[in-house]
């Protein structure tokens, strides 16, 4: 599992005082970016050097409790499945009082030239497969 | 069905040259805002005057084809269901070549003071119920 | 002078309830984008076809009155000066009660390949020079 | 002087591949937020507890070199002047090759209720005044 902390910033919140969901997803995208870096494949190299994009093709979010300006959140990411061209993440975002929101995300390896899907190169697939975890490991209550 | 056109802007796109999904969701939120205005309940009044927030509690997106800077997209919104405190939207976003992405979104009426869910007031519920449509009406190929 | 209207959206506002200045500048960038389109040089073609970027090198903003969610603003843009590689805009943003903020912006024509400045091509320069206006024309009180 | 590092993220860049200036300013706002926290006045408390907003009334930016996805930047902030109700910052943003951009920013203490300016409370003024620095200290070449 990959885990990072993020504080909810002024610029992430909306006029009702809570985190704005598009900003949440911008933060989530940054967490995925750090995951790639932590794996040894910095995302900017993936795109600029290896010409591999990883657009999101599916996203499913459940927002159970609001977050407010200044909240410190933990973003936990696990790799659920590595397909031929796809990659499935599960995300759990928690605050001091438990889970705030959860997401499932599927990205697909694409050629940045053609925007068409391509198989994961072997070195990337091997690294990703080492990170496949049971999703239950992310839940605070997993006993 | 409620429908608006949006051009994908420079600021909506990412360094791989396609629409960035958090920006897509920011645009979507603006479409929902226009929907409320078109219904006769401007969102800023809903929040500032009636003290009703409508946070998103569920969001499910399928992105099937990328959009690039300058693409003109049609955002179609239909109300799928009006619950006691909830409201379910279906969104279909199309370009010249057909569907680009689809989303299902559930929002919940909340008190802006307590962030707790509240029943839709009668006037809002009545207006929303007039907009409930079969989702099939949104699909270009629905015959 | 080029002029467009924009309503301040939910997603443009911050938790203190007023327009967030980075969002203001994202809106401003969209106004400049519409200016290019209105001139007959859609920005996406400028970048994708003609390989000309127009990064902002100078920006000077004075925010005199706050805007709130739902405010309808008028964005007035005038071309102050066309240099060999540069272009200077003046922006005035007004609400119902007068000026909310003003900005001066300098952009530079660059090669999207090298990110180095290049002279404006003749057709673009000719079109831009037709839009040079006295800045005073933008002020409501100009008598 | 207050100093933080930030990596330019995928979501901060535009389709020409460089940092988008409204995103730069969103990052800058986060740096100012960290400055307040580092001073012992977390910004969320300033707004939520003490009911003091700090809107930007003036911003002057010079962008001298572009930044690309993955660049690690240093944001240096110094307090130039503490007025009765105002506060002037100077920002210098540098990459490995020197200065990328500089900004001067003036914010004003306001009541979050009335959006009118108010004098800085004594404890905040005292803390701010301890951070007033000669701006030259920020320049790498200051000899």
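General observations
Labels A, B, C and D are assigned to the chains in the order they are written; within every chain, residues are numbered from 1.
Assume a residue touches a chain if its C-beta (ideal position, glycine included) is under 8 Å from a C-beta of that chain, and two chains touch if they have at least 3 such contacts.
Being a predicted model, the structure only gives us computed values, none of them experimental.
Farthest from chain A, judged by the mean position of CA atoms in each chain, is C. With centres taken as mean Cα positions, chain D sits 34 Å from chain B. Separation between the centroids of chain A and chain B, computed from CA atoms only, is 23 Å.
Rounded to a whole number, the gap between the C-alpha centres of chain A and chain D is 28 angstrom.
Taken residue by residue, chain D touches two or more other chains at 10-11, 15, 17, 20, 22, 26, 29, 47, 68-69, whereas all remaining positions touch fewer. Chain contacts in this assembly form a complete graph, since each chain touches every other chain.
Taken together, the chain A residues at the contact with chain B in this complex read 15-18, 20-23, 25-26, 29, 47, 53, 55-64, 66, 112, 115. Residues of chain A that touch chain C in their complex: 10-11, 13-15, 17, 20, 22, 68-69.
Here chain D touches chain A in the complex through residues 9-11, 26, 29-30, 33, 42-45, 47-48, 68-70, going by the rule given at the top.
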